[in-house]
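You will see two complexes here that share chain A, one where it goes with chain B and one where it goes with chain C.
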Partner chain A sequence: MPLPVFLLLPALILSAGVFLAPFLWLASTSFRTQAAGSLLLAEGVSLDNYIRLFADPYFVEVLIRTLAYSLATTLASVLIALPVARFIAVRAGRLKGFLLALMLVPLVSGALLPSLGMLHLMGPLGVVNGIARMLGLPPVKLLGTSAGILIGLVQSFLPLMVLPLVNTLSRLPSDLEQAAASLGAPAIAIWRRVILPLAMPGLVAGSVLVFCASFTSFVTPQILGQGHIAMFGTVAYQQAGQVLDWPFASALAVVALAMIGLLQAVVTLASRFVRRREIRQ
Partner chain B sequence: MSHMSCNSVLRAAAAGLAATLFVTAELPAVAQDFKGKTLVVGTWGGDIERLLRQNAAEPLEKETGAKVEFVLGGSGDRMARIYAEKSNPTMDVAFVNIYEAPQALKDGVVVAPDPNAPYYKDVWDGMNNGCYAMSLVGLGIAYNKKLVSTPPEWADMWKPEYKGKIGLSSYPGSEGDGILGAAARLAGKDEHDADAAFGKLKELTPIALTYTNLDEIFAMMDAGQVAMAPMISGYVLAALKTHPDIGFSFPKNPGPVLVRDMLCLVKNSPQPELAKKFAALALGVKNQTDYAEQLYFGPTNKNVKLSAKISADVIDTPDEVKALLQLDWPYVIAQRANWTQRWNKEILGQ
Partner chain C sequence: MTSSDGVRASLKRLARVGHVVWIVLVYVVLLAPIAVLILASFDDGSFFRFPPQHFSWRWYQAAASSREYRSALGTSSLVALLSAAIAVTSGSLAAYTLVRHQPRGAKIIEAILLAPLVLPLIVWSIALLQIYSVLGLSGTLTGLVLAHTVITLPYAVRIMHATFERIDPTLEAAAVSLGARPFDVARRVIIPLALPGLLTSTAFAVLVSFNDVIVSALIAGGRWMTFPVRVYSQLRGQGVDPITLAIGAGITAIIVVAAVAGELTMKWSRQV
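This part shows the complex of A and B:
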């Protein structure tokens, strides 16, 4: 065995042990069922969990809703992250490191703490409604609404969009923009025809990250949704942690993973297609 | 064989010597047996872990020389673990909820409570269902004192002025099953009639919020958006000190729904002897008294004597225990998957 392959072995064994094996176990559990009146797995394999998942409109609706929220979160993140990332990459100067560290705070502080913070920000006695009352405006209901969940998701996962974008935008040569400007391109055209196409790798990477994180999020929709809005993560948690129907929860997890895998495949194919077209042009 | 008997003779001699030397309870000779052994205990974090560490783990470590390792999390995590490890358990003691214990016993993942154990006999009669009863709490009603002038009864939650101002815990759980049981009785039935229970509870919709922690529900109560919420005594009573506008009521018709924390000894666990010693300490008077005085968890140990002030907020007298509404938990757990979907659709309108 050549040395490089040999050196890879510890990492391979570790990944197989802590990632692949549990995943295979999860996948195989999804084809089992619990015996009647028991939490133990019954003998035999079946597609019962998958049939139940797709036959009950409740779960299908949850799936579609989760897709829609994840897409909306991704779009909102792109719109907010672009100017922020551009500022950090090009204008921030010495503050760049500090701003990047600030962006990392929500990522390293876990999901629960920021969500509880958002609870008090958006709650009926929170900052938003306090200011509204001061200005004589009617109260804004954010908790338990789609808007509240979306704000929470964007807040949680924005860094996943900003960081890859900063990385891509920092490496754009500034003379490209200057060239476009000197030829009379207005700012919008420079963004649309120079910056955005070149920032595409960062945008795609960020979008995939934000989408996957939103799709599988649990704490944010659970706390900010107040039970009014079910998402995939909250339903999977309910089945695994409260109903204790582990096989069905496994099926939910496998479907979520399959959706994410599908997304990855589509994105990879699409970017390959775009690259080929660019080369031809 | 001779080696073993020799060993036990030596041990007995050493114990006898130690007993004469140290008349106080701790016998260093016994410590030999469990040196290097680790007892794994799964329980809830926070105050419960603190008291168990102080009153059970530390004395046990001192007495036996063993180490006690806590694994913290929700009871769902522990159930998943002891079921997954059924053939090769690594956890010795698991604290679970009342509705989980009978199922765990039925599925053979925990040891049936031993009627001859002293700590079994100290517990109120008929409480050790599935596992040992650790604490008694009741599902009552937390309420906003500005919106609800007197301690409410269950039926008060259905008054028109509180429509849309009722909060509920996430389902499934003791709180949800408890309020279904109470609702069914208000409808003249019991939890075996799911249509009656859900039909009655549905009258409370729209539900103001589903809460997963006290912080959330108290914030909404202080804001006047939630008038009442069924809650389990214990933590709530402890937390009320910092929320002067929130009260807690134990209803009478029907009475509070009995909810219990259970202490389970995992079947075929690596350290069964240590587990029993831990159970004796956890169920003992000192720990149960601290549970009552600090967490407002009612003691299951009949020998616990509480001050009048603490006793008022805690379920601890035979009369109080008798007044509790007891659900048919094995039946309820069998309905769990169906009821969860009914709850999601009918009560939450998801």
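This part shows the complex of A and C:
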């Protein structure tokens, strides 16, 4: 065997054998059912899990809610991140490295520890309500509400939108904007006609990252939802880790995977279509 | 004309100030959970309330003497180091081969190697849970390290790929033409030049492994329980244990310092 192929093998075995192969297993067990009262699979192949999933309003509602929350998180991230990325890319100067480093913090500190902080930020005796009490305002209920989960999701995943955007915005030639401005284009027109179209690749990349991360998140909805609001991640964990209905958990996972894949395909095609139309103009 | 110019100028100034205010607000919200975690860990009470009551090191002292958390931290560190070592080694070999030899199907191989970044880990771990139970790997150290190696590997591959692409291949050719054996080329030329990449990918691998909740929560057992899983099950069972706040605050402080150092010296934000 020639040397190069040999050097690729360990990583390929891990990625293909241990990571990708289980997805095939998942697809196949989703068509099986468990023998009553046992973890063993019963004989026969059927659509039972999928029928059960789509016939039960609870699971359908969970999937729709997850989709809605993930889209809302993505949209909020776009709106919050654009000015931030623009500032870091163009105006930050010597602060750029420092601002990027702080932007990394929520990403590298994982999901769990910031959620512990969020719990004390949003709780009935936490920081937000403590400040509200001092100001004589009524208490705010955030834990166990959709607002709380959405704040948590945006807080955790905003950097996934900001960092790709900073990368694309840093590469925009600044004379392009100056040219537009010197020709008398108002700021809004510069944003709409120059900055946004050129930032599109970063915007698409960031949106896909934030959407996927929100859709499959588990810790944030579990801890901030306090068990009152179910999302795909919490229900999938429940089915796989507590109810131990593995074939059903597999079917749920396959449906989620299909939803994410479909949405990604739509976004990719749409952005390609938009770009082609712009080039033609 | 001049008055409308004046209005426009002050509007512009207002927009610039507004922009800065927005940045400050976003960063405050972004870092608030970590700040609150650290604040709460120094509160004397067994249940944190704002405003904080009394400053104390109590929970840090309790953390130091807790055998339960020490063993969970030990497991987490062991798993993180072992899986990072395997992932960075195999990931570097693969990335080097892809960059220097450009084998047929390099694009497909790269896609396979980076798949764990694209496909959701929660979906994968539901499958892994079932396969592990068939193979008898559930709750074992081997199973845990194997799973963590797989989720950290793509970071190593991507970072090392970018690292090797920036290293001039003529340096290696020069060493070979001067009579260096392959092993010496690796030791004396490639590894020193790739050192920043090796450090960055090791740090990312350790962080990804150390932070993982969902994969470990599904496949780890009582014997080998990682720190995040221990914290998570404590949280679900009995609520917040202030000891976890103290340990969590300590870990987060280390991570923040590492992130700032990594960004300023090695541009970590480009790796995301």
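Heads up, the rule we're going with is that the second predicted complex is superposed on the first by the 267 of 281 C-alpha atoms of A that agree within 3 Å, B and C clash if a C-alpha of one lies under 4 Å from a C-alpha of the other, contacts with A are read in each partner's own complex, and residues count from 1 in each chain.
We take it that contacts are C-beta pairs under 8 Å (C-beta built on N, C-alpha and C of every residue); 3 or more make two chains touch, one makes a residue touch a chain.
Note that the structure is a prediction, hence the values are computed from the model and not measured.
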Side-by-side fit of chain B and chain C on chain A, or clash: clash
Partner chain in contact with A:Ile223 - chain B first, chain C second, else both or neither: both
Which superposed partner A:Leu116 touches (first chain B, second chain C, both, neither): both
Chain B versus chain C as contact partner of A:Val5, first or second or both or neither: second
Touched partner set for A:Gln242, first chain B, second chain C, both or neither: first
Touch count on chain A, higher of chain B and chain C: C
First, second, both or neither for A:Gly130, with chain B first and chain C second: second
Chain B versus chain C as contact partner of A:Arg272, first or second or both or neither: neither
A:Arg171 touches, of chain B and chain C: first, second, both or neither? neither
Contacts of A:Phe19 with chain B and chain C, given as first, second, both or neither: second
Touched partner set for A:Arg193, first chain B, second chain C, both or neither: neither
Selected from 207-215, 279-287, 297-305 or 333-341: the stretch of chain B that, after superposition, runs into chain C: 207-215
On chain A, positions contacted by chain B and by chain C: 39, 116, 119-120, 125, 222-223, 240-241, 246
Chain B-facing residues of chain A, complex: 37-40, 56, 58, 62, 116, 119-120, 123-125, 143-144, 222-223, 226-230, 238-246, 248
Touching residues (chain side chain C, partner chain A) in the complex: 15, 19-20, 22-23, 26-27, 29-37, 39-40, 47-51, 89-91, 93-94, 96-98, 101, 103, 109, 112-113, 115-116, 118-131, 133, 146-147, 149-150, 153-154, 157, 207, 210-214, 217-218, 228, 231-232, 235-236, 240, 244-245, 248, 251-252, 255-256, 258-260, 262-264, 268-270, 272
Residues of chain A touching chain C in the complex: 4-5, 7-8, 10-12, 14-16, 18-20, 22-23, 25-26, 29, 39, 80, 83-84, 87, 91, 97-121, 125-127, 129-131, 134, 155, 158-160, 163-164, 166-167, 187, 212, 215-216, 218-219, 222-223, 233, 236-237, 240-241, 246, 249-250, 253, 256-257, 260
Chain A partner contacts - residues on chain B that touch it in the complex: 74, 76-77, 79-80, 83, 86, 100, 103-104, 106-107, 168, 170-173, 207-212, 215-216, 219-220, 222-225, 334, 336-337, 340-341, 344-345, 348-350
